[in-house]
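Chains here go by letter, A, B, C, D, E and F, matching the order in which they are written, and residues are numbered from 1 within each.
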Amino acid sequence: MFRERMNTRILGENNLVINRFFNLDGRAYEGGSLSVKTKELLGLVASLVLRCDDCITYHIVRCAEEGVSRDEVFETMSIGLIVGGSIVIPHLRRAVDRWDEAEKLRG
Amino acid sequence: MFRERMNTRILGENNLVINRFFNLDGRAYEGGSLSVKTKELLGLVASLVLRCDDCITYHIVRCAEEGVSRDEVFETMSIGLIVGGSIVIPHLRRAVDRWDEAEKLRG
Amino acid sequence: MFRERMNTRILGENNLVINRFFNLDGRAYEGGSLSVKTKELLGLVASLVLRCDDCITYHIVRCAEEGVSRDEVFETMSIGLIVGGSIVIPHLRRAVDRWDEAEKLRG
Amino acid sequence: MFRERMNTRILGENNLVINRFFNLDGRAYEGGSLSVKTKELLGLVASLVLRCDDCITYHIVRCAEEGVSRDEVFETMSIGLIVGGSIVIPHLRRAVDRWDEAEKLRG
Amino acid sequence: MFRERMNTRILGENNLVINRFFNLDGRAYEGGSLSVKTKELLGLVASLVLRCDDCITYHIVRCAEEGVSRDEVFETMSIGLIVGGSIVIPHLRRAVDRWDEAEKLRG
Amino acid sequence: MFRERMNTRILGENNLVINRFFNLDGRAYEGGSLSVKTKELLGLVASLVLRCDDCITYHIVRCAEEGVSRDEVFETMSIGLIVGGSIVIPHLRRAVDRWDEAEKLRG
């Protein structure tokens, strides 16, 4: 996949700042006082209001893996919609489509 | 306070779209499948990455009222920082200052 | 179409906040003191500066339906370009392409 | 005023790109197929969704000068609110405050 | 190509504001106190933090033409990543892919 | 100063992600293939188009310290203005005011 292939290529460049940032990006979502699940919901709402489809897809898939329920995802998306406005709607459509796929996959 | 005074003046205008939006904005943070506390954390991280000090202050105060712990707030802010980048830092400084005040107030 | 199919699926979820927001989004563009046409131009310029192709396409089509002239659309787009800067240009290209199609369709 | 004083200082620098941009910024709001009034409403909604208080204030004052009615301003702001979401609300409060002042001034 | 075809169509419309803006956009990157190369790096980092793939691609190609080195591009991208945060990463992946192509082309 | 006081307080919290991010933010502007001076110009233009006054002020001061010339700063700001549009102008006014102060200080 493009995502994995490019990550490998980017990290292989050995730019200290970029490589540490990628590492830190992973650490930010590890469980702590907040659960991994809550952190993925935080990542999802942040991605929604900033309107980045790739980031939304990533957190949608992670939410499904972490056992987030359909209602929890929709409530998170409703906050993203209220905060970010109608400009979020096209991303919401794609997010729901991804969620339906991810939900089907986990059975 | 300016916030309350202007809300009254805006709602008194009776613009249907604006008034319903204000109402909906309140509903979005009511407890459901997700707790009020989690929803306030979602509001906080969304406000951080969109860099709105007034919105951050509002959710910081609400988080303190809902019993969010200091570690939970810092973990939420760390996700906002990673997602939104260094451009978030000036808002992070003010957010932490507000949090310290709000924490002191609740004792 | 994806847009309609997803709207149906989203509304069928019966999330109160999302459904009311979708309803409100429709109401905002109804005629009042400002004409429907002027409101569509407002929607277009807002979509341009926020750089959302789906939203731009939607308002371009609505503008064509409301009888907006070619010059009026270009003047609206020129304001979007000045306010939003060169980062708007890729969206401007696609917007003009959509407008030419929509203009052809209305004959 | 700071605004005028800095404009003079900036233009006095004789940077060709900046000076031409400032000139172009003025031209964009001149009457054409769209009236000056409609163009000021476009400038207002674009400033609202991009959340720039100085720009909002400028267009609010210009709207008042061009004879825009209170209802027209509120309908424009309602579209800005729907498109841009609740993150716009703090700016909406200040915008309405400015509008009330500007309306009082024109009598 | 779509880019060139649409530019021709847009400029052919003879909207004074749009045409002068396009001209000014070209002038901004001409050599002055800063070299063309440095200006292209400025254009690249601005496009990265504003997350516009078309603009990123344009400046990546121009950087390659101006003899920017691989390390210089990665250092510029590392600043874009730190300033703009993880929301920049999907654009970074595509930017590196474009750079690898552009570097191959110049041999 | 508020900036330093809050940085100390934030780092004292010992949130691993936040502390490493602050460290990385410093590393990103160290000299490498690109000079410190060029990196500060990159930081300035990124801050301008993202419209963060605190970040702009920081990089303006650093540019003055690194011996950037007045023309180089204005050319960098002209690119920020073209890329980001008129919404950048209020920040440009404050940036030029800061630059004039910083220039006076370095004599």
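Just so we're on the same page, a contact is a pair of C-beta atoms (placed from the backbone, for glycine too) under 8 Å apart; a residue touches a chain by one contact, two chains touch by 3 or more.
These numbers were taken from a predicted model, which means no experiment stands behind them.
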Third chains touching both chain F and chain D: A, B, C, E
Set of chains adjacent to chain B and to chain F: A, C, D, E
Angle (degrees, nearest 5) of the CA superposition of chain D onto chain E: 180
Same vs different contact residues, chain C with chain F, by half of numbers used: same
Pair of chains joined by more contacts [C-beta pairs], A-E or A-F: A-E
Distance between the centres, which are taken as Cα means, of chain E and chain B, whole angstrom: 36
Computed distance of Cα centres, chain D from chain B, in Å: 27
Centroid distance [mean C-alpha coordinates] between chain F and chain E, Å: 21
Residues within chain A bordering two or more other chains: 17, 21, 24-25, 28, 46-47, 49-50, 55, 75, 78-79, 81-84, 86-87
Contact graph of the chains (line, ring, star, complete, other): complete
Chain C contact footprint on chain F (complex, rising order): 49, 81-88
Sites on chain E touched by chain C in the complex: 2-3, 6-7, 9-10, 13, 15, 17-18, 21-22, 25, 46-47, 50, 52, 54-55
Contact footprint of chain B on chain C as seen in their complex: 16-17, 20-21, 24, 27-28
Residue ranges of chain F touching chain E (in the complex, touch as defined): 24-25, 28-29, 32-34, 38-39, 41-43, 45-50, 55, 69, 71-72, 75-76, 78-80, 82-84
Contacting residues of chain C [partner chain E, same complex]: 51, 70, 74-75, 77-79, 81-82, 86-87, 89-90, 92-94, 96-97, 100
